[in-house]
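See structure below.
As written, the chains take the letters A, B, C, D, E and F, and residue 1 is the first residue of each chain.
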Amino acid sequence: MYSVTVRDHVMIAHSFRGEVFGPAQRLHGATYVVDAEFRRRDLDADGVVVDIGRATDVLRRILADLNFRNLDDVPAFAGCNTTTEFLARVVFDRLVAAIGRGELGPGARAIEHVRVTLHESHVASASFDGPVASS
Amino acid sequence: MYSVTVRDHVMIAHSFRGEVFGPAQRLHGATYVVDAEFRRRDLDADGVVVDIGRATDVLRRILADLNFRNLDDVPAFAGCNTTTEFLARVVFDRLVAAIGRGELGPGARAIEHVRVTLHESHVASASFDGPVASS
Amino acid sequence: MYSVTVRDHVMIAHSFRGEVFGPAQRLHGATYVVDAEFRRRDLDADGVVVDIGRATDVLRRILADLNFRNLDDVPAFAGCNTTTEFLARVVFDRLVAAIGRGELGPGARAIEHVRVTLHESHVASASFDGPVASS
Amino acid sequence: MYSVTVRDHVMIAHSFRGEVFGPAQRLHGATYVVDAEFRRRDLDADGVVVDIGRATDVLRRILADLNFRNLDDVPAFAGCNTTTEFLARVVFDRLVAAIGRGELGPGARAIEHVRVTLHESHVASASFDGPVASS
Amino acid sequence: MYSVTVRDHVMIAHSFRGEVFGPAQRLHGATYVVDAEFRRRDLDADGVVVDIGRATDVLRRILADLNFRNLDDVPAFAGCNTTTEFLARVVFDRLVAAIGRGELGPGARAIEHVRVTLHESHVASASFDGPVASS
Amino acid sequence: MYSVTVRDHVMIAHSFRGEVFGPAQRLHGATYVVDAEFRRRDLDADGVVVDIGRATDVLRRILADLNFRNLDDVPAFAGCNTTTEFLARVVFDRLVAAIGRGELGPGARAIEHVRVTLHESHVASASFDGPVASS
């Protein structure tokens, strides 16, 4: 399998509900350095998995929708703990939808698998990965 | 699949037996920067794969048992070359046992797959990964 | 000159006042990966700049006071933009005060210069550095 | 599964054909930081996946054949866009061939899976991975 | 002193003249991951060394002028070996000129010192640094 | 000032004397990832601070003398705690001596300042830096 990975970042505020989170129940924040990996069996006619420029643009647009926000106030996340793993899934779902709409280019519809990793510090990260079709 | 990865490190001395190791047959040492990745299909009720604080504490405890030691003198490793890949398996086995004993929390028993990577330098690393049940 | 650097991190929420900040005027947050560097001319009798364990503990304690907080609500920062460079100075001042109180060990009073760097993402960081005496 | 990963780099010039590449259609270049990962079910009698020294040497030799070259002038790549993902496959194929010829040692023939990742910058990488037998 | 550092990258082709360069006398290329550090004594009225967004934009514009080019064909570099250290100086000079023209904002004219580092691989980098006035 | 930095690593065993070291008084070990930075005012006739290939070779040779050793058994270090900062000085002194003997090339005698940093883990490092003449 071939893959291409692009990186960007997002800076958000949020709080968690549940005793397990300890002091992270308070309003705090995070920088997430986000890696989006696209996998497919064969390269397209240009010899790429996906145009890196386009992939970078789409990832940036998806993150811009979250960037510099307090996620506690985002209606789509009401009632959810916006943990690193939860947000990895959010970015995954939006990337897969963008692939389906052709925003990564027509050839990118052959992408079979996506993995999104959010690094929340130098010592912790979370990811979500899955097939494109099943999401 | 969702995953969470936490990082810590350990500093040990050891030597290897076998001509293939060349000068590494002499007593020397290594810092291993250790990544432990936990994977599962669904998030728990709090929205996490595993509590990062607990995962970090358990990894630290497992590494503390090896830290600042000459592994040539550890009875459990007698007759073994404590290579990076061998030690990745040791940490994997101990993490899986800790999951089984509930030390990462009751919800963490749903973790399906663990991967342990030991970075021995900026240019070399080794890992062991496998399902939780089969180990 | 000799130096020793230790690393930890902190996760906070805040907002900025001033048009220059654009969308960062909204409540958002950041992970800061923090490097604290201690410099001195000569090593102490044990052969160190500062005990790395003690330096790590003191840095952790200073960061714990900020960690998992909304800095907009911290009285000490009222009226200030808690930018990355501002926070680098805050950590610097607190480290220098800790050195003065002997919390890094009696030998650490010979530290002449401190540099604190906060990495806010993989593409941006800020720092404050200066002599210990002048702060 | 056990794995071992070694890292090296290569510096090349090339150009791409196809409007999708925009300014990358001009002659330009790249440093690729290359990670080669070798996976197998069991360790050999010495307790390793592959001798790290040998793996490093073989990777260096394969990269030396590309290093400091204009890939547009390499006959083997005539008519191909030497994209990062394409080159990941080239290195993969040559590593698998080297395993087959015994250049990573006789025990290394038990390697089941190889993954080659080329980092073209701090924000983009590509890889190719597959079973050793099927390539 | 306070400092702020921003990062971007550029991908170029070039060749070197001089036997000392060995195979690097051939046409090859490099990715340079570029760090630009700005230092000053005091923060401005907004509490910053320089607006990170503006600094990032100016660095990107300066690198865009070099990006995806064969530096052997750039008239400004005729007769020069475009080594990593030479290019660090080129980026430094252009950043200092941009500061002088007010492109980093009027407050940024208080920047006293700039350092530009180009990472050409995971094992080698070069930099140029100096006072803003003297350049 | 111009600078060039090259990186390599070394793997050693050692123990420390002194209660301040706690469990590090036991025989243990470390991987040190070593950065050697060379600084000078002007580039040489080839446009470099120092030939990167030569600098890399000299650093490797200096580290080879320490690599895969128990530093407790090295006569030159008898009675010394071979701390990270102490070893940074050792590598510094040997690099400066190599410059003086012309091993980095005749032009490299113009190097004015050297900094050696040893990264002992992802969270701790130490360095020694100084002018070439004064050492």
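Basically, a contact is a pair of C-beta atoms (placed from the backbone, for glycine too) under 8 Å apart; a residue touches a chain by one contact, two chains touch by 3 or more.
None of these values were measured; they are calculated from a predicted model.
Path length between chain B and chain D in the chain contact graph, taken as the least number of steps between touching chains: 1.
Taking each chain's centre as the mean of its CA atoms, A is the chain most distant from chain F.
For the pair chain C and chain F, the CA-based superposition corresponds to a rotation of 120 degrees in steps of 5.
In this structure, the chain pairs A-B and B-F differ in their number of contacting C-beta pairs, and the larger number is found at B-F. A separation of 30 Å divides the Cα centre of chain D from that of chain E. Separating the CA-averaged centres of chain A and chain D is a span of 27 Å.
In chain B, the residues touching two or more other chains are 7, 122-123. Residues 7, 9, 11-14, 23-24, 26-33, 67-70, 120-123 of chain D are the ones that touch chain E when the two sit in their complex.
If you check the complex, the residues on chain F that touch chain E are 1-8, 43, 46-49, 51-53, 56, 105. Contact residues on chain C toward chain E in their complex (touch as defined above): 16, 18, 20-22, 80-86, 88-89, 122-130.
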